[in-house]
Every structure is written in C-alpha cells, then in structure tokens.
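Input: structures, listed below.
Two complexes come next, and they have one chain in common, chain A, joined by chain B in the first and chain C in the second.
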Partner chain A sequence: MRGWRAIYRRELSGFFFAPLVWILLCLALFYHAFFFLYALKRFGGEVNTSLSILLGGWPFWVLVIVLPPLLTMRMISEESRSGVLEFLLTAPVSDTAVVFGKAIAAVTVMATILSTTLLYGVVVHALGAPPDWGQLLTAWFGSILVAFLFTALGILVSASSGTPLIAAFFAIVLNVIFVAAPLAGAPTGGLLGDALSWVLEKINVISHFQGSFLTGAIDSAHVIFFVAWIAALLFLAVRVVEARRWLG
Partner chain B sequence: MSRRTNIGRGTRFTLAMQVGLGGVLAIFAAALAIDVSDWWFVRFDLSLSQRNTLDEEVEDVIDRLPEKVVIDVFYRPFVRPYDQVTVEVQSRMLNFLAVISTAHRDKFEVNTFGPTDLEAAQVRQGELRVEGENVLVFSCGERTSILGFFSEIAAIDWGHPSVRLLDYLQRQGINGVVDFRTFNPNAPFRPARMTDFQGEEAFVQALLKVSSGRAPKIYFSEGHGEASLEGTTTDGLSGLKRLLERDGFVVESWDPEDSANRVPEDAAVVVLAGPRQPLGEETSAAIGAWVEDGGRLLVAPHGEELEERFDHGVVRLMSGWGMIAKPGVVCQPIIDPTGVKVTGYPQCAIFRIAENRMDHTHEVAQLERKHNRKLSFANTPAIEARVVEGGRFPTRLIVVPPDSWVDLPDPDGFYDWSFDRGTEEKNTNLALLCTLELGASKVSGATNVRRARIVGAASVGLLSNGYLDANRHFVRNLFNWLAEREHRLRVSPRDPQASHLELQRSAALPILTYTLWVGFPGACLVMGALLGWRRRRA
Partner chain C sequence: MITVSNLTRRFGPFTAVDDISFSLDKGEVVGFLGPNGAGKTTTMRMLTGFLPVTSGSITVAGFDVLRDSLEVRRRIGYLAESVPLYPEHRVEEMLLFQGRLHGLARAESRRRGAAVLERVGMLDRSRSIVGRLSKGQRQRIGLAVALLPDPEVLILDEPTSGLDPLQRIEVRSLVGDLANERTVLFSSHILPEIEAVAARVIILHKGRIAADGPKDALVDQLGGETFVRFEGVVGPDAEAARKLLSTLPGVASVEDHGQIGIHHRFRVHGTGDLREDVGALCMQRSWAVRELSWERPTLENLFARIAFEMEIAVPDPENGPGVTPPPATAKDGPALGRLDVLETPPAPPPQASKMLYNLNPFDGGAERDLSRPKPGEIAPETGSEACPPKGETGDGGQPSRELEA
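Here is the complex of A and B:
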C-alpha cells in the first residue's frame, strides 16, 4: 500500500483545483437546498426529519447512485486510454495503492458534497432549532460508507472498461441494481426464491443504512456490511488493474 | 501494442480465470463476513434522544421470550385527507419495530406487507388465518396476537368527516367516529389527528400474550354489590377488564356463594372491588385464610361501607392487615384564578398525586417516579397504616397530598369541602393506597412457596372507568406486582424528540432561503470561477 497518499493527493488536487468539482458542489447545494426547504415546509419545520430526508430519503439515493460513477468514470479507463496509467503502474507504487488512493480521493469529494447537510445543521442550530447532532453525524458517517461502496463499484467498472462514458453508464446501472433489487424483492418459495432472497439480503444497502446509521446508531454488523463490500470491490478492482498490466 | 501481441489466448484465458476466481472468492468472503457480523455485533446509540435504546422494562420482557417471535405487519395508508395521520402512526410503529428487530435479531422476525405487496399479504394472511388491513400479527409457536394500527397502537381523533368520508372510514373498519344522534352532515370538516401513541405499550402486551405459558387468572368477587366488570359507566370496571386481558391476564367473576366460599384454586389474584354489602363471615374467613396461605388480594372498599361499617365487610378485612380505612374524603385546597388557595368547593376532593408522594422503595412507585407520572384521585377516603399482630406494618405506597385534610360529612351526609379544625384531621401520614407482603408461605396442597401480597386501596374509584385512563400504567403495574410479574411492569411510550423551526412567524425561512439558495452555492461558484481564471492565466 506504500504510496497511496501520493496518489490520493494527486487525485484530490485534480478534483479541487479544477472548476468542475466546484460546479458539481454548487449543483449539489441547489439540489439539497430544494429538498431541505421542501421537507421543512412539508413537516412543519421539523428539523430532524427534514435533515434525514437529505441523508436517507430518495434524493440522497439519487445523488449517491449518480455522482460516484461520474467522479470515478475517468479514473482508470481514461488514464488507461491516454497512457497515464502505464506511467502510474511502472512507478514505485503498488496496484493496491493506486486503486485505494483514487477511491479515497473520490470518497473525499463525495464526503464534501454530503457534508452540506452538516452545514444546514449548523444554520438551523444558529436559527434556534438544534438538530439531534448525534443522529446527524451518524447518518453522515453512514452516508459516506454508502458513497464509498458505490465509489468502489465505480472504480471497478472504470478499471474494466475502456471508455469513461460506458464506465459511468454501467456503474449507474449496477448502483441501481444494488439499491432497487432488494426493494423489488425475490419471488417467494422454491430453491431459486430462497437463493435470490439470500443474495438480495446480502446486497441490501438501504436496510443496512437505514437500520442503524439513519436512526443515530452505529451497529458493528452494518459497518462490517459496508467494509466487506468495499474491500471485496476494491480487491476486484486491483485484480483487474493487475490483469491490465499483464495484458498491456 | 507490442506486449499485447505477445500475450497468447491461453494466457489471456488464465488471467481472466484468475480475476474471475478472485472476484468470486472476494464476494463469498464478503458474504461470509456479513453473516458472521450478524451473529456477534455491538450497537451504540449515539442519538441525543436515545431513540434506539429500549426501556429496561421492554428489554426485560424481550430477554424472557422463550422463542423467536414473528411479527407480520399489514399496512396500507388511507386516502386523503387521512393519509398524513395514518402514515404518521404506521411510520412510528415501523420505526419502533425496526429498532427492536435490529437490536434483537435472534428474537424477532419482522415481515412487512405494504400497499404494493397485496398478493404476498394475502398468502401470508391465509397462513396466519387472519383478515384485514392495518394490523400487526404476533406469532410465537401456536399462539398469535393481533394489534390494530388505529385501535390498540394509536388513538386517533377522526375529527368531523363528511358523509362520504364517514362511509370510507366505516369501510376501513373504523367505527364509532361520530355519534349518529348528534351528527350534523353539514357541519364543517375537521381533520383527523393522533391523540395518543401507545405502540411500545401495545407491543409489549402482545409479546406477553404470545409468550405466556399459562395466563394468570384474576377473580373479581360478585354478589355483594361490587363494581361491575361489564359496567361501561364511569364507576364500571369494563376498562380495567379490557386492560388486564390485553396484558395477558384472564379475568373472571367469582361468586363465593356458588363455590361454597372457597377461593378458586387457580386464582392468581382476587379482587374485592367496592362491595356495598357484607361479604359474610365465611367468605371473609376463607379469603383471609387464602391470603395467609400466600394468596394475592386487592381490596377497595365502597364509600357506603365506610359510613355503615359492616361486621364482615372489606373494611374489617383490611384492618386485619393494618390498613384502617377512615371515613370522609381527602381534600386539598384549590387555587382560584387569582392564585389564592381556596376551599369550600367540590373540586377540592379532586387532586393529582405527584411522584414525591409515593414510596420510592416500592417497585411500582419506582416506575412512576422514573417516568414522572402523576395519579388522579377523586372523592377518595384515606387509610391509616397501623402495626398489627405479628409486627406487620403495611407500606404506604401513596400518601395524601401535603396540605390535605380528611373532610367529614355532616349528619345529613353532605360535605362542606372546608377544613374544620375541631372535628377534622390533617395528617399527611395517611395513605391512599397501602401494600403488605407477608412472609413466605407454603400454598396448601402445593409444593411451591410464595409470599402473600395485599393491596388496600382507599377507594374503588382508582380502578373504575372514570379514572382508569389517568392511572392506567399504575393500575396495570399494581396488578403485575400482585401476580408477581415484576418483569412485566409497564412503561409509558416515549415521544420522539422533535426540534421545530418556526417558519411562519420568524425570519427563519427568509434567512434559510437566502443562505441555502444563494449563499452556499454562490460561494462554490465564486471558488470555481476563481480557479478557472487562475488556470487560464497560468
């Protein structure tokens, strides 16, 4: 893992010293503002419920399904096309460090975008309606884990694809499957139904996020759910990058 | 490009297989880790409102569950204008179930059937042999218990509906919304609202019902003018009967004359609820002997008996255990609109008892103190606790209010609701409710040893429909204590912690709107523009 910090710094400066991420952040702020103000009016000024819409309602899921693929789509596929990846892979850093550093950089951008909710918490606190900070911070932490999971998936797809746009498209489709398939449910009964239920239970991101983080609880099982998937996807991404090295 | 051509098809295949195998192994390792993490887990509630932490009493009931409980939730929101209130009840209960089932994964299985799962809901309802929407079905082995969202879980004031909406509510099984004798179809519409959420309480009751082996029986004596178990008036006990049954008790009547004055063998608790006639020598003796043998008794005299003092009434029975019921009613000065304490009004006999007037060493009182609940009393006499034979001294569970007196009736039976220094008594050591535990006794003919428990209430009004709502938790806890089911002592529901931002009358909304729509995005745009300008210059 030696050298991941260098990769991280390089990726992060690539994000934050370019206007694109600021425009993305601005759009995310408009998006959050719209839903937060709508929720506040809808729930009679109830701050905790309104904030949890931003970190658990469908606006949140739309954001984490769409943004990570857009951030990760160029990370490996574009660099591979332009030949930058070849330089990277011949540099004295391991493949794991390359993948991990890029993933952490994308997660940092996502965390910055999601932390607008904390900013809203500060504003409503200043206006005399303190939110449940324990719940808010736990939900924020959980939302970063969700974003990390989708970022890992995005990196894997980016590593497997030659074109950034195709990578983004497939990553979004996979994210939608991750989120929507458990909601749709498996057919009841039969061996196939049982097997599908088992699979859907293992990828049920929503229930693992809403079952604890969103309500202000940290549950080791739910943390392990995200850590296990993130580790598995990043491991796969490393294997794919490694295969690229050999395939040229 | 040259390296690509050097790689043969076989090598490519091997590489692909390696990646594929690695992927499969990684996915299975993740699935295994997820499974294992579900067996051993720790959970920390970081919310300030402690919304993920269950009350100790609820935890205690869950810990004693003999096997896994399956909870099937069938819910469907009502149409407008009842959508908001029904969704509020449903989401609060579903949230509560989510907390329970996540914290105790090995004890519960929660299956939810929403509006989109009609087919699956029908199949499951067929298996459970239940019907209807908006119900929760608790199953534990062969036993089931059903809770209604809008009956047991929440109390809803359905407002004033139009004729069309009234018809809709009736089709949803919501009856008794209006009194048809006074219903005015032309009156303006009033929206529905939730008046009380009893989800946690109903949940625990349903658990007790499905997990109890043999339900303890409570016998209410009859045949001496006692308050009626079926009575729906303010002095009836129909509410208490329903409450106890929901708590897993079997409630039955017992006429001593019909059973040759023998207390039923399966009686867990016997209640003498305000008899207006003497019990009779044999009945009194049989009850007394049963209690001394380890029986559990709740006794509450009727006001008429206090005036007439029967030879073999409940007042005499109570005095044998050191609970001397005194004639008259406990009164307390009331505060008039100018803030001055006044007497001379019938309202003086209606008062509330704060937790600091309860014995903090008693389990039942501890719960009242913990939840800062108050009890309501009206026209109640007092009890004086005295040491009796064998050094027994009853516990004064609830004592009279600090500045109260016992108002005595005049010769015509009327009260003046004022303190008369010459004839009336101001004694803050008097009690409204006493308990007594006798030493361990061996039940006749049985092998188990149990302690007799006696509760003496100064008035049967505490149990009656008129005051049951105000004292519901206390009364239920009292019966659970009598039946030695301390682990089932109830708690009241917690309201979710809300933090409201005043949108209408303050400047909050304009400030928020400008900050959120203009301030933050504007700052990002400025940053983006600055970076773009710097890059162009560079």
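Here is the complex of A and C:
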C-alpha cells in the first residue's frame, strides 16, 4: 500500500486543475442552497429536518448517484488510453495503492461537496438556531460512506470500460439499480422470492444509511455494511486493473 | 543485470514474443531493433513488469520480475513509447510526483529534478505545463522523469521518435553518457540511432531473436556482400576490361553492371579493400575513373535482410532514378510531350536508346545524344555524323534544348 498517498495527491491536484470539479462544486452549492431554503420554508423553519433533507432526502440520493461516476469516469479508462496507466503500473507502487489512492481522492472531493451541509449548520448556528450537531456530523460521516461506496463502484466500472463516457453511463445505471432495486421490493413467496429479497436486503443502502447514521447513531453493523461493500468493490477494481495488464 | 530466459508472450492465439533469451551485463547499452510488430514493446513491457509473461522468466538485478515486482520497478527507469505524462501538470510537479512514487524526500526530489532537467536540456521549462510542450520537449521530460530515481536499468521505448535531428543527437549523446553508469536497453527503428549508441544489437523479428551480438561482428557476418564499386571509361571492350580486373591479386570475381553513357560499371568482389589495386590498374591502362568505392555491409542491410527474410541486394544507386536507359519507344509516349515536338520521327532506335542521357528523372528528362556535342557548342565535324534530330528544323527547338542541357 506504500505510495497510495503520492497517487492520492496527484489525483486530487489533477481534479482541481481541471474545470469539471469546479463546475460540479458550483452546481452542488446551488443545488444544496435551493433545497435547504425550500425545506426551511416547507417545514416552517425546522432546522434539523431541513438539514437532514440535504443528507438523507431524495436530493441527497440524486447527488450521490450522479456525482461519483462523473468524478471517477476518467480515472482508469482514460489513463489506460493515454498510456499514463502504464507509467503508474510500472512505478514502484502496488495496483492496490493506485486504485485506493484514486478512490480516496474522489471521496475527498465528494466529502467537500457534501460538507456544504455543515456550512449551513454553522450559518444557522450563528443565526441563533443551533442544530443537533451530533446528528448532523453522524449523518455527514454516513453520507461520506455512501459516497465512498458509489465511488468504489465508479472506479470498478471505469477500470472495466474503454472510454470515460461509457464508464460514467454504466456507473450511473448501476448506482440507480443499487438504490432503486430495494425500493421496488421483491416478489414475495417462493424460493426465488426469498432469495431475491435476501439479495435486496444486502444491497439496501438507503435503509442501512437511514436506519442509523441519519438518526444520529453510529452502529458498527451498518458501518461494516458499507466498509464491506467498499472493500469488495475496490478489490474487484484492483483485479480488473490487473486483468488489464494481461490484455496488454 | 537483466536475464531473460525462454520468454514467451501470447495474446490469445497470437504469439507476440516467442521463446527468447538474452542477458545484459551491467553498464551495457543494447539496441533493440526490429520492424514494427516484432515484439520490441511487448518484451520491454514484460521487463518492466507491466505485462505478465506467458511463460519463461525475467530477472532484473537479481529480482524476479513477477515475484519481486516492486523491487524490480524500483530499479528500472522506463520510458514508454507513448511518453506517459499528465498533461495538466507542470514539469516540476511531474518530477515531484515521480519522486514521491519512489519514496524520495521532497528536497531530494527537487535537487535531482533540477539535475535531470539540466541533463535533458529542459531546465528553463520546469514551470511549463506538460500539455503545452511540443512532442520533442515532452519526450525529453519523459526521459527526465524516467531518470529521476537514478535507476540502475533504463528501458527506453523509441526515445527518439518525434524529435528533430538536433534533439536526436542530444538524446543519443545523453544515452551514450548514461552508458557508463547504467544498463540501457533502448529500441528504435531508426538505424543510425542504434549504430551511433549501442555496441550491441538485438534484432527481433516476428517475436524471435533474429540476431544478437556486437554490432560490427553481426554486420560482417550477416550484413551481405563486400565489394569494390568501380565506374569508369574502359574503352569499347568491356569484357576485356572485366577479364583484366579479374586477374588482379585478391579478386575473386568481377561483375559487369552495364554501361551508362561512356562509363562502364563493375563490381569487384574479393578479399579486403581492393580499391588501390583497381586504381593502379586504371592508371596503368589510362582509364578515366568516375567512381571507385568500397561497399561494405551496414546495419541497414542486415536489418533489411532479416526483416524481409530474404537476400536483399545492397541498395543500388546505379539503378536509381538518376539514369534510366530509355527505351526507344518511350519517345512516342505522352511523358515526353515536349520532345515529341522537337523530334517528330523516331531516331534510329538501337543506337539512340543506348546513347541517350536522361538528365531529369521526373518528367522523362531532356535527352541528349551523347555522340553529339552539347547544344550550343560549335562542333561542325560531328554535327552531321549521327542522327540529327529532325525537330531541329523548328526554330523554337534549339533554345529549349539548351536550357535542358
């Protein structure tokens, strides 16, 4: 794993040298501002509810479905085309460090985007309506885990596809399936129905997130749910990068 | 330093590298040569650990490329053909990144970065953004990045492609400098590069090693024939001259390569440099000499022979575009439109075809009857001798012929 920090720093500076991240940050700010103000009006100035809309309502899920694929789409697919991947994979760092460094860089950007919620917390605190900081920070931490999961998925897709555009498209589709399939629910009864509902329960990100983090509780079971998914997806991504070597 | 044994790499049914073995000693500079698709890049990628091998083994500095991949990568500086650099970064950032990948401290990276930039002559561009540099500059930055960790082994895939001739010379001398300290394996399909830098050459062809050894020995053994090229005026009886040349000591055979104008061409095969002997004969016989040169095989010949898998004759300037024996009928062809006007009925065919001189190969040329003086020269006694071109009756004919001559 030595060397992942070099990759991380490179990726992060690469992000901020390109216009895409600035555009995304800017749009996310408007997006958050719009929904925060809307929620404030709708819930009659209820600060905690309005903030948890940003970190748990549908605007949040749209954000974490769409943004991570845009951040990760270029990471491996484009570098493979331009040959930079060849440079990284012949540098004295392991494939795992390369994938991990990239993932952490994308998660850092996502965390930055999501921390606008904290900013609003500070603002309403200063204006005399202190939010529930414990719940807010826990929800923020949980939202980063959710973003990490989708980032890992995005990197896996980027490693498997040839062009950034394809990578972004398939990553978004997979994210939607990940989130929407448990909502749709499984047909009840029968062996197939049981198996399907068992699978859906295992990918039910929303309930794992809303059941604990959003209510202000850090439950190790739910943390492990996310960590396990992230580790599995990153492991697969490393294997796919390795497979790219075999393809030449 | 590098030991490769029975290396094979397949891509599906296609075998890119087929059971090759070689080894490089410390401090050796080896040129990797081969036509496109011969397996050079594949082999280099396997050496760096980028591509896994299908079978066989590679050790670099005592470490197995597959088992101790990181140790090997730490010791190899690799410049891929595509010159992988992040276009959005500044040159110095790219160098710092490489330093961090190799675990160097920041200050150390900076110090070495300045040193390698100076070495590739790009010290003044350290603040430039990589994406805005020209191809040649990027190539040199790529080299600087590869050199930064001070690797024991340098693997350079086409390091001079895209460079202008001046930069090529610089890179060449750079690689030459490195030779004393490091093991360098570099590929190129530009033969003078290899000839200038590498003492040893490995020629790959279709995934196999076609030749491996010191450059000169290879060229002498496999490069093709050695002969003395002689061209001169030997009088009307070329066959007699050929026989006379054959009698010279050391001469094995003499080939008559025909006649251009009044000059006859011969190839004198034999042992060693026979130029002086031929020259002495010419002096004795009062033959006017136009060319007397010693043709030796070059790496180029060797390469061509291997690449085309056949006996390739030494490039033959005599049959080049400069001189063509124009067939008599060519005069009627549309290519000689201007001359059609000048010389309407065909001149006596056999004579004319032998004695015509084609000066401009591109438009069929101005053809001059060699038995007559140059137009413009006054030579009354030869003027009527041989086939006067009938076209001369036209007034416009003479000046234009003069121009061409």
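Assume the second predicted complex is superposed on the first by the 245 of 248 C-alpha atoms of A that agree within 3 Å, B and C clash if a C-alpha of one lies under 4 Å from a C-alpha of the other, contacts with A are read in each partner's own complex, and residues count from 1 in each chain.
Here is the rule we go by: a contact is a pair of C-beta atoms (placed from the backbone, for glycine too) under 8 Å apart; a residue touches a chain by one contact, two chains touch by 3 or more.
Source: prediction; values computed, not measured.
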| item | value |
| --- | --- |
| Touching partner for A:151 - first (chain B), second (chain C), both, neither | neither |
| Touched partner set for A:52, first chain B, second chain C, both or neither | neither |
| Touching partner for A:128 - first (chain B), second (chain C), both, neither | first |
| Touching partner for A:18 - first (chain B), second (chain C), both, neither | both |
| Touched partner set for A:161, first chain B, second chain C, both or neither | neither |
| Touching partner for A:202 - first (chain B), second (chain C), both, neither | first |
| Contacts of A:246 with chain B and chain C, given as first, second, both or neither | both |
| Touched partner set for A:96, first chain B, second chain C, both or neither | neither |
| Superposition-derived comparison: chain B or chain C, residues of chain A touched | B |
| First (chain B), second (chain C), both or neither touched by A:80 | neither |
| Set intersection of chain A contacts, chain C complex versus chain B complex | 17-18, 246-248 |
| Complex contacts: residues of chain B adjacent to chain A | 1, 3-4, 7, 11-12, 15-16, 18-19, 22-23, 26-27, 29-31, 33-34, 37-38, 40-49, 51-52, 95, 98-99, 102, 117, 120, 123, 497-503, 506, 508, 511-513, 515-517, 520-521, 524-525, 527-529, 531-532, 535 |
| Residues of chain A that touch chain B when the two form their complex | 17-23, 25-26, 29-30, 32-33, 36-37, 40-41, 44-48, 116, 119-120, 123-124, 127-135, 137-138, 185, 188, 202, 210-212, 215-221, 224-225, 227-229, 231-233, 235-236, 239-240, 242-243, 246-248 |
| Partner chain A, residues of chain C touching it in the complex | 11, 42, 45, 48-52, 70, 73-74, 76, 78, 80-86, 88-89, 93, 97-98, 100-103 |
| For the chain A and chain C complex, residues of the former touching the latter | 2-3, 5-7, 9-10, 13-14, 17-18, 82-87, 89-94, 245-248 |
